[in-house]
């Protein structure tokens, strides 16, 4: 699954770069692609025994290879959710909800952004909430991820109406209105690739 | 008369600059104009008692103000011809021929260029010869200057067929063919302005 | 846009190789990461680590040396260095006296240096941080401003303080004080191009300029038609003065910094006006530097920086410093 | 093209004012002419006067200082200085030991310095001249070549020799020897613009480059499509080697010089290849400098310079030198 995420991120390089360039510095696509290449290579060579290791390795590799704001932010998003999680052999809705619940907190703590600041948090937090809700409702993994994707998508839309509080768009003020946040877009893309992978591999 | 020459040089600034820019660095017009402004100002303020002083002041001011190759070359052209000349109150054909005969030698000695090297010498030497011939034939000043102008003009045409031996066009080799030399053009312009001035002030 | 590179992905590594190949007597690469260190740091001093994205050369790679930084952590073009890189550089320069991090206040740099400092703690290395916040138009609040060319002056003080043997807390205090006294404003004349990109970094009509533009092409506060140097400089000074509030008899160090393609000739013409302006206000210019220390590729434009000085700051400003791209010798006495 | 100037006619005077305003502790203007001198030249030494057109900054105005030039004579943009200017600068720096003129071999500079040296003779000042002729593609005959970035190295030797107290004849001999051992080649990537002009200095298609282009935009030897850095650098090196004929075990100083808008990042990438190339041929690189000393406004491109060194030249190359734009400290020992 993570290899598919990596592939999709690499394919979206130009799209993400373009979104970042509207109100940022245009390197988000390149950064994410670097991270994706790094974790793809690592996941292919290392044998990860459990869910925790996959998330951790993915996050660590992003943090190590990317640099920029998103290296730490997305690195933390992947590795920050499994720190306190008992080792899991398989991924179910409860586990995924727990991971993203923790990781959302970790990213918020690290980046000091909240919903409404026009960052990837605007997609991550609702997606994480959607997972929690789906877990409460006993939904299957595919449906839960689909809910998260939809919530993230709405989050991306939401960022269009916001002025930025963090990152390079901060100084733009009102001029950032109308443009979606690049990092939020990546969050949506990640949930979308998870769902598409599950669709194909069911 | 020299004030008129100055005026014409200043008016020709862009034209001379354009010619220099084809195979040189494009500053010949600006340089000559700077020189013309300087000698015009000086001639207006100083009272020059004789022909020698006018030529000398003109040359010195060009040398002082212009810089570049043409500062020395045209400075020498004006001041180099009166060095050994007994003081003259009026300008006649003999005097003019003597001045330009001397000055041509001075410029050649200074710049080490000869006819055929694609420099202002290609206009100056024939113009000087024309003056000498006119003096020999007892021609009046106006006709002599007209002869010099015509000879200079042919010199300018001649430079179009030459590769450059001096100045920035030197490294161009064959690529300088077809373009006239900027300094030669200035020589022609100077004789032309003399003639036009005499026409107007006859 | 033509750039003399081989491939985009190799830029930073090849640049570092080329730097070390030139200056290997004095600098070495930190193994496995995009970092370099100065070879001759005097023993037992606080380490100074700077860093940031590549593409602003000579900063950051060119600002390590005697009385300056001991190590430099580099990111990709316009991207903050990774925590790993910062950590490895930190370990290389630490002499048991702790390490001070100095970098411009950008989200990416803050995040990565913060993670690095946590990792350093695990390795038992004390770190402190000063974020440079000199660009007066980028935010109302001093701490929220971004860092531009003033970096060079803050580093100068930090390097001077560390070279004088002060402990980490003191080096940090002085460096933070330098930053508190630091005010810059920039103007963009034409966009640069990021290597590997085909489009310029931003759009600016041929006859317009933008006040307050950031060093990654971040938008400024307003545009106007191009103006004569003196008028343009005066407007920037007035804008800067609104925030800097320089008083008569105050002493300042001045930096006129070119952004890439603006020539030194032009920067001197700007400096001429800056000095006139200071003189008219009885502001005492202790020292001036006209150079292109913090660039944005081939971007056109420049910035003006004032650092207010008191005797304490002057002392560390005057400590000799030397790198291939920044030198400050003993101050000559004026006649 | 936007240039930060007030009016074309005032550029040089205002630039000098801005330079002096920045560095008045160490430099002063020569009254009435476009010239500057270094204030702290040690007594009783041979004077070194350099000069040329404005527009190549930091050369020439930025190359006076300790162990470098004592005086600089400036012309208008890309135009040689007047004999008057050179003479006044000469008089200001002469200490009775004579003065050496160093300048790039261009018709205008030759003519004006020659006149100046005759005028100096009248004033009883001995002068000698070394014309820098490093651009290998500009002529077959060494003496007919034009001078480009290698100027900086020739000046370094001259400054070192003069600072060592040698008499004029010796300073001249060493300086001429430095020039005899000097070989450069440049490449143009994009035109610069002369201040006040609206047209670029030459035309070059967006994807083409020109080998051997001069520093005033003089045409080179051939054009090609833009290439990756390593390939381009190798071609230039092969071209340079045809003339320089560097032998295995020979020692050289290397200068990678940017022409204006080409970034230091790119120059480092070029240097990486240059060093590899030298290493493959067992050519010993004694010292490398990567900088933009001799520019052509905002022109894109760079040049590579080799100066062959023997023990004698190394001695003077290693004499410390310092100006705001060129420094050479005591050579650090490599590990």
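For clarity, chains are labelled A, B, C and D in written order, and residue numbers in each chain start from 1.
Criterion: a contact is a pair of C-beta atoms (placed from the backbone, for glycine too) under 8 Å apart; a residue touches a chain by one contact, two chains touch by 3 or more.
Remember, it's a predicted structure, so these values are computed and weren't measured experimentally.
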| Where each step is a move between two chains that touch, what is the least number of such steps from chain B to chain C? | 2
| Maximum centroid distance from chain B, chain identifier (CA atoms) | A
| query | Just how far, in Å, is the C-alpha centre of chain D from the one of chain C? | reply | 28
| remark: Between chain B and chain D, the Cα-mean centres are separated in Å by 33
| message | Using mean CA coordinates as chain centres, what's the gap between chain A and chain B in Å? | response | 76
| field | Two or more partner chains touched - positions in chain D | value | none
| field | Residues of chain A engaged with two or more neighbouring chains | value | none
| remark: Chains touch one another in the pairs A-C, B-D, C-D
| query | Which part of chain D faces chain C closely enough to touch in the complex? | reply | 2-7, 11, 14-19, 21-26, 39-40, 54-55, 57-58, 62, 189-190, 195, 206-207, 209, 226, 228-230, 232, 254, 256, 260-272, 274-275, 288-291, 295, 297-298, 300, 302, 322, 324-325, 327, 329, 331-335
| request: Over in the complex, which chain B residues touch chain D? Could you list them? | output: 25-27, 30-31, 34, 63-73, 110-111, 166-168, 170-172, 175
| field | chain D residues touching chain B - in the complex, by the definition given at the top | value | 8, 53, 75-85, 106-108, 111-112, 114-115, 137-139, 144, 146, 194, 197, 201, 214, 216-219
